[in-house]
Amino acid sequence: MYSVSVRDHFMIAHSFTGSVFGPAQRLHGATYVVDVEFRRPELDTDGIVVDIGRALDTVRAILGALNFRNLDEAPEFTGRNTTTEFLARVIFDRVVAAIHKGELGAQAAGIEVVRVALHESHVAWAAYEGRVAQS
Amino acid sequence: MYSVSVRDHFMIAHSFTGSVFGPAQRLHGATYVVDVEFRRPELDTDGIVVDIGRALDTVRAILGALNFRNLDEAPEFTGRNTTTEFLARVIFDRVVAAIHKGELGAQAAGIEVVRVALHESHVAWAAYEGRVAQS
Amino acid sequence: MYSVSVRDHFMIAHSFTGSVFGPAQRLHGATYVVDVEFRRPELDTDGIVVDIGRALDTVRAILGALNFRNLDEAPEFTGRNTTTEFLARVIFDRVVAAIHKGELGAQAAGIEVVRVALHESHVAWAAYEGRVAQS
Amino acid sequence: MYSVSVRDHFMIAHSFTGSVFGPAQRLHGATYVVDVEFRRPELDTDGIVVDIGRALDTVRAILGALNFRNLDEAPEFTGRNTTTEFLARVIFDRVVAAIHKGELGAQAAGIEVVRVALHESHVAWAAYEGRVAQS
Amino acid sequence: MYSVSVRDHFMIAHSFTGSVFGPAQRLHGATYVVDVEFRRPELDTDGIVVDIGRALDTVRAILGALNFRNLDEAPEFTGRNTTTEFLARVIFDRVVAAIHKGELGAQAAGIEVVRVALHESHVAWAAYEGRVAQS
Amino acid sequence: MYSVSVRDHFMIAHSFTGSVFGPAQRLHGATYVVDVEFRRPELDTDGIVVDIGRALDTVRAILGALNFRNLDEAPEFTGRNTTTEFLARVIFDRVVAAIHKGELGAQAAGIEVVRVALHESHVAWAAYEGRVAQS
């Protein structure tokens, strides 16, 4: 299995609901350094998994829609705890949608698995990994 | 599949038995920077894989029991080479036991896989990954 | 010149005032991974610059007072942009005060320079470095 | 499942064919920081996955054969784009061959999976992972 | 003294002249991960050393002029070994010129020192640090 | 000012004397990831600060003399606490001696400052920096 990974980041404010979160129930924030991995069993006809430049552009656009925001006021997350692992899934869904829309090129249809990891500090990170459902 | 990972470290002395180890047969030591990853297919009702604060506390306690020791004199390792990969398994077993004892919270029972990686330098690391047997 | 450095982190929300900040004028947040360096020309009688454990505890306490907060509502920062470089200076001042109060031990009086670096992402960081004024 | 990983690097020149590569169609170059991971379900009789020193020596030899070269002039790659993911596979094949030749020791025959990751920058990397076919 | 640092990278081919370089006399290449640090004794009226976004844009433009090139064919480097330390100085000069041209904003005139570090691998890097001569 | 830095590591056992060290008074150990920086105001006639290959070889030899040892039994350290900062100085002295002996080449006589940093974990490191006294 081949893979290609790219890294970018975004910075947000949010708070959590539930006593398990302790002081993180207060409004605070985070920098998330995001790694997006694309996997496929064989390379495409250019000899690549996905174009790295295009992958970086796509991830930048997806993170740009979240960057410099207070997620507590984001309508799409109403009633949800925007935890690191939850956001990994959100970004996963948007990367998969970008593949289906062809934003990563026609040959990116051969990508079978995507993994999104969010590093919230030097001592904690979370990820979501799933298959790219065929459209 | 979702995952959450936390990082901590411990520092020990030990020596190895067997000519394959060359100069590492002498008493020496290591800092192990330890990453513990928890995986589960769905988030719990708080929207998390496991509470990161609790995970950090649990890992700190497990590593604290090994920290600042000469493993050659640890009764539980008599007759064993405490290699990096062996220690990854030891810590894996103790993390799984902590899950079963409820130290990571009742909802941590949903964790299916644990992976423990020990970095012994900037050029070498080892890991053990296994399923959390249901108790 | 000798130095010892320790690392910890904190997570906050804030916003900036001034068109130079562009989208960062909106409420957002950051994880700051903080490195605090202590320098002195000679080691103390224990053969150290400062006790690493004590340094980690002191830095943890200083960052703990900032952690999980919305800095826009912090009375001590009213009317100030809590930029990365500004916060580096704030933490520098608090580390120096801790040295003067003896929280790092009597021998820490020999520390001459402190440097505080805050990493806000994998591509940007800031620092403040200054002398420890003799009390 | 146990694993051991080692890291080394090599530096090459090359160019790519195909409009997808944009400016990378020009002759340029890269440093590849290479991680090679060895996996097996049980430790060998020495309590290891593979001897780390021997693994480092083997990887150094394999990368040494590529180091300081213009891959556009390497006969073995004629007509191929030597992309990061392609090179990950090349190195995978050579590591597997080294295992089969016994260069990692007789007990290394128990290694079942090898993963080779090449970091081309702080924001992009690629990997190839596969089973070690039994000879 | 305050500082702000930003990171980006570029990828080039080149060769060296002189027996000291051994196999690096052959045409090869490198990824350089570049850190540019800006220092000044006091913050500007916005509370910053330099705008991080603008600093990233300026560094991207400077590195873009070198990226995906064979430096052996760059007219500006004829007769020079484009070593890591030499390139650090080249980039330093271009960053200083950008400050003087006002590309980092009028207040960037207060920057007194610039340091440029180029990481060529995980085990080697070089830097050039100098004062920003007042124009 | 120009600089070149190289990285390597060594692994040792030791214990400390003095109540300030708490549990580190017990026999334990550490991996030290070592960065050695060489500084000079002008490049030599080859366009370098020092040959990186030669620097790596010299550092490897110096660290090799410490590697896989119990420093409590090293005659040269009798009666001393082999703390991270103390060891940084020991290695500094040996690097300077190597420069004076010409092991880094005749042109390395132009090196004016050496800095040695030892990383003992992901959250703590120490360094010694000094001038290369002219012989």
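Note that the chains are named A, B, C, D, E and F in the order they appear, and that numbering of residues resets to 1 at the start of each chain.
Convention: a contact is a pair of C-beta atoms (placed from the backbone, for glycine too) under 8 Å apart; a residue touches a chain by one contact, two chains touch by 3 or more.
No experiment lies behind these values; they were computed from the predicted model shown.
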item: Chain D reached from chain A - shortest hop count over touching chains; value: 1
item: Minimal step count in the chain contact network, chain A to chain E; value: 2
item: Which listed pair, C-E, A-D or A-C, duplicates the contacts of B-F in over half of its pairs; value: A-C
item: Between A-C and C-F, the pair joined by more C-beta contacts; value: A-C
item: Relative to chain E, chain with the most remote C-alpha centre; value: B
item: Fraction-based call for chain E against chain C, same above half, different below; value: different
item: Whole-Å separation of chain centres (CA-atom averages), chain D against chain E; value: 30
item: Interchain centroid distance [CA atoms averaged], chain E/chain F, Å; value: 27
item: Sites on chain E at which at least two other chains make contact; value: 7, 122-123
item: Chain F-touching residues of chain C, taken from the complex the two chains share; value: 1-8, 43, 46-49, 51-53, 56, 105
item: Contacting residues of chain E [partner chain D, same complex]; value: 7, 9, 11-14, 23-24, 26-33, 67-70, 120-123
item: Of all residues in chain B, those that touch chain D in their complex; value: 18, 20-22, 80-81, 83-86, 88-89, 122-130
